[in-house]
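Notes follow once the structure below has been shown.
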Amino acid sequence: MKMESNSHKLSRPLQGIIVPMVTPLLDRDTLDVTGLERLVEHIIAGGVHGLFILGTTGEAPSLSYRLRYEIIQHVCDRVKGRIPVLVGITDTSFVESVKIAGKAEDAGADAVVLAPPYYFPAGQSELLEYLNHLTHELSLPLFLYNMPTYTKLVYEPETIRAAAEYPGIVGIKDSSGNMVYFRQLQTLLKDRPDFSLLMGREELLAEAILLGGHGSVCGGANLVPELYVELYNAARLKDLPQVEVLHRKVMELSNAIYKVGRYESSLLKGLKCALSCIGICSDFLAEPFHRFRRAEHEVIEKYVSELGIAKPGKSD
Amino acid sequence: MKMESNSHKLSRPLQGIIVPMVTPLLDRDTLDVTGLERLVEHIIAGGVHGLFILGTTGEAPSLSYRLRYEIIQHVCDRVKGRIPVLVGITDTSFVESVKIAGKAEDAGADAVVLAPPYYFPAGQSELLEYLNHLTHELSLPLFLYNMPTYTKLVYEPETIRAAAEYPGIVGIKDSSGNMVYFRQLQTLLKDRPDFSLLMGREELLAEAILLGGHGSVCGGANLVPELYVELYNAARLKDLPQVEVLHRKVMELSNAIYKVGRYESSLLKGLKCALSCIGICSDFLAEPFHRFRRAEHEVIEKYVSELGIAKPGKSD
Amino acid sequence: MKMESNSHKLSRPLQGIIVPMVTPLLDRDTLDVTGLERLVEHIIAGGVHGLFILGTTGEAPSLSYRLRYEIIQHVCDRVKGRIPVLVGITDTSFVESVKIAGKAEDAGADAVVLAPPYYFPAGQSELLEYLNHLTHELSLPLFLYNMPTYTKLVYEPETIRAAAEYPGIVGIKDSSGNMVYFRQLQTLLKDRPDFSLLMGREELLAEAILLGGHGSVCGGANLVPELYVELYNAARLKDLPQVEVLHRKVMELSNAIYKVGRYESSLLKGLKCALSCIGICSDFLAEPFHRFRRAEHEVIEKYVSELGIAKPGKSD
Amino acid sequence: MKMESNSHKLSRPLQGIIVPMVTPLLDRDTLDVTGLERLVEHIIAGGVHGLFILGTTGEAPSLSYRLRYEIIQHVCDRVKGRIPVLVGITDTSFVESVKIAGKAEDAGADAVVLAPPYYFPAGQSELLEYLNHLTHELSLPLFLYNMPTYTKLVYEPETIRAAAEYPGIVGIKDSSGNMVYFRQLQTLLKDRPDFSLLMGREELLAEAILLGGHGSVCGGANLVPELYVELYNAARLKDLPQVEVLHRKVMELSNAIYKVGRYESSLLKGLKCALSCIGICSDFLAEPFHRFRRAEHEVIEKYVSELGIAKPGKSD
């Protein structure tokens, strides 16, 4: 019954701006519930087309399972079907992935998202067998998630092509930044217009959509969701002058907010820091990371102001 | 009180042959209990100096937490303090690592073992801060575990040097195969004879011990524990002719049993396959892997016979 | 005087389709002179905007210096200023790079192109110092060349930003496939409209140009130069329907011709093989590669026919 | 005739301490001839068993070919057959490798040394074919050189096993630091006692020899050749107490001299700097590197003094 009520929401292919939600935390195992609710409302108010919780931006691998289940429940309860909710189930343990997927289904989520298991380096044929086994255990539709920077294991294009034939696998989110890969997927899947090709790097949202991608998963849409929605719409309408203006804004935000500090984690830290600057949620990060300290915080604060990122409730 | 009763067992530094136990499985979430008990007895009968469960060879990242807890309890109950039990607590989630450590302590294990969190790429200073936080939450002694092939994150020598000052961090197991790294650690820690330097690659057991290492974690000791114990003893006694003979046997086993099949997982598959050939336990592997199919199984069977690896209870 | 006569040709920024010419060979140290001349005429007839010799596609690192000098002379003599000629001077030896650049200048080439030295892993500050020293030894304008797959050393965006201030450095060719990197360069260099941003992967030509790139270096333009020129023109004119049609053709060629065989070198082998199929030049490759053997040759032949790639002189 | 006179020198297998000679430079294309001669005498006086010029430590890839030929001639003239001279011929161009080998032969060198071509990523079967072609063009014996840090291409153990059957291929120098690899080679080549297994990392010299390796290529032997010779002799004689004392000295030198500065090039810079501190030769490095500046120079000077590294001609 739950499935029925949801099933109308997840269009095939899924299109538009999907927000990989950060996880507001008070400490390493305590949800910032007020921050979470404020964030959900802020994002939905921006007109986005879906919410992706427990992804990389959501720090899922750093969280306890108890906390992950709590987040699933809270978010689904809060969203109440206004937009589709996708839940990350990536795990090194098959059994735990299935268990999270069960919680997602129970809470009323709309789909699950899976990067390759990231400890043992599976071969491509093993990866395909793994997906085959997994689809037999899932009820919700499944999006694949290519994230080689962190998983060190690529879903090769031919693996995706084969997996697209498995029941329940409905799309892929590519966060590799390798645009040749994305274009190869499009070519290989040209006979599958229902298979959703989502760009996982917001800097490439514009071009992904202009040349046939279906949507984009944009971390910055936690902060300024309407910017990405507008850019998506302009790209869909092939309004190139407008695309250029908005794409430039996306790049400015990226080159400022995500480039503070010296580690690869600067995107995540910058995003949470900026969200705290505009009063949405705590900037606490779970281990192995920590929030920006004063010096970096001040740089982010300056950028937030310069970029005109407004507190929610105020016009921008 | 439990700690007291155990504390006599874990010598400083820990020395000798530690067996990274494979996890006998009937299916992806069911323990092969009989196989496990047979394996524990087989290993202890071989005269080894410790058991390391839930490591890479134990497929820990592929197992559910429920199953991991079950294994901790079963093994500790079975070993009954005859040899020290070390428990892998490596996890991307700090909270889950602490939770496994708590189960290990409750079951009467002697120490825990931790590779770096392996999804997000922490910087070395973040890694050190993470270890600092973690030691405050642990009661059992902690061994670091350098395993860059799978975690893609190295504990840099200077990080280990600094971490060795944290209370409760008592040693490192290095599975990198990079012997220059191991020698650098020895040099950096020469004023800390109590800090255990364990070689994680059995092919390097002989030389690690000959030039000052304390012990070795040998996957092959699941199969023929006495071989590694004898080699360890010969190396400790600087009996070079004997070392050469036994080292050659170790290399022969490694170049046969661990080299079948085309993926990096061939060590794990070969080991489980060989254990099933001599009637110890099932060769089932959890996803993303699978047991060897017939062709590879036959090759392993042939090697087991050629190498004279005998069924337990029979003389070799 | 030579410089003067050339200086009108190399516009700032350089724009359009630049062809990374393959090197027709009879054997490892013998130029296929007839093939080379046919190829040059074929390419120029396609309306391209420049020729890049001695790049990766030209197998430069595999060729003797004697042969490289011969190629420079032959090509410049044949082109006779009809289009700009860029010459690859990438080398692990500073002195040899300068020497090739001298030959290029003497022969009347228009610019030189340089990837980072690719044996010793220089740090970014060392790389910048190296570029600083080099620009003092060069007379011709210099394009940087980002090719991390082969050099394993990236010109970091900040390094490029700094190098763009050195006299004589006039642009960059990015062959990483990492489109986020390309967009970051654009953002960092937005105040330098004269600095040429060239896309080194033909699969990304369309989007590079649509959103502000200046040109593209397309291996496939050895084979069907007019396809890439038409796509470039459509993208410049923001004619999206036409862009989509032509981009699809580019992807089809790429997914066919460059994907035969099992090694990373399949692009180079496929390209030379296809050129020999349409009668332009020999498909000999210098060590460490070799031409496709019969099975792969037949697959390429089939693709050439299916894609309608015509022999020069015949209409397609 | 030249070959004849040399052939007695190169024992099969080649054994002992081989010195990868640094290249004393006055500037990027000018040999420090006086320094070179002093260095050659210093090394030979230390009792080493061979000299390896134009390797990684010799900065060969950074030097012009003219300079490389000059070095070959100078060194061979100076050594006058007192010890075997090995010459690096690693190159991305097959033709240039053959040409350097010809110069080596003409000058009276005893063998050549070859790492895989390091720009294009050859497959293992291509690498084997490349070696096959190359052996047909060489007169001098050939050592393979495994140096994945810089070439990014490993000679897989099975490739070495196959290549060991080619006429003229007489050994391998392994600089990977991966001791499991070295032990695997020994096992695969146990029926070929004439095939020389040389350890390319001085930190592993002791254990390589203790368990059956034939020799070691030690950068530090530019500085204190007798230390490595003594350690080699102690290891050959299985004099473990003496091995331990000398191995500790080798590690102390390595952990001091090679660890200054922040880049991977610190070994090369530290070595040249230390050589200049004891008055042997200039510390100039060719691009892309540069000599240590004052701060690092002072650190090296301090270490040289603390380690008691004496000027040649003075007792230590």
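As written, the chain order gives the labels A, B, C and D, with residue 1 at the start of each chain.
Everything below uses one rule, namely that a contact is a pair of C-beta atoms (placed from the backbone, for glycine too) under 8 Å apart; a residue touches a chain by one contact, two chains touch by 3 or more.
What you see is a predicted model, and the numbers here were worked out from it, not measured in a lab.
Asks: Supply the minimal count of touching-chain steps required to go from subunit B to subunit C.
Replies: Contact-graph shortest path, subunit B to subunit C, evaluates to 2.
Asks: Determine, among C-D, B-D or A-C, the equivalent of interface A-B; equivalence here requires over half of the contact pairs to be the same by residue number.
Replies: Interface equivalent to A-B, from the options C-D, B-D or A-C: C-D.
Asks: Shared numbers divided by all numbers used: is that above or below half for subunit B and subunit D, i.e. same or different?
Replies: Subunit B vs subunit D: same; shared/all numbers exceeds half.
Asks: Measuring between Cα centroids, what's the chain most distant from subunit B?
Replies: Most distant chain from subunit B: C.
Asks: Determine the centre-to-centre distance between subunit A and subunit C, using the mean Cα coordinates as centres, and give it in whole Å.
Replies: Centre-to-centre distance between subunit A and subunit C: 36 Å.
Asks: Please work out the Cα centroid separation of subunit A and subunit D, and write it as a whole number of Å.
Replies: Measuring from centre to centre gives 51 Å for this pair.
Asks: By residue number and range, which residues of subunit B touch two or more other chains?
Replies: Touching at least two other chains: none.
Asks: Work through the pairs of chains, note which ones touch, and then classify the graph as line, ring, star, complete or other.
Replies: Topology of the interface graph: a ring, with each chain touching two neighbours.
Asks: Could you pull out which subunit C residues touch subunit D in their complex?
Replies: 28-29, 59, 61-67, 92-96, 99, 116-123, 126-127, 129-130, 133-134, 149-152, 262-265, 286-290
Asks: In their complex, what parts of subunit D are in touch with subunit B?
Replies: 177-181, 183-184, 186-188, 201, 203-204, 206-207, 210-212, 238, 240, 243-244, 247-248, 251-252, 254-255
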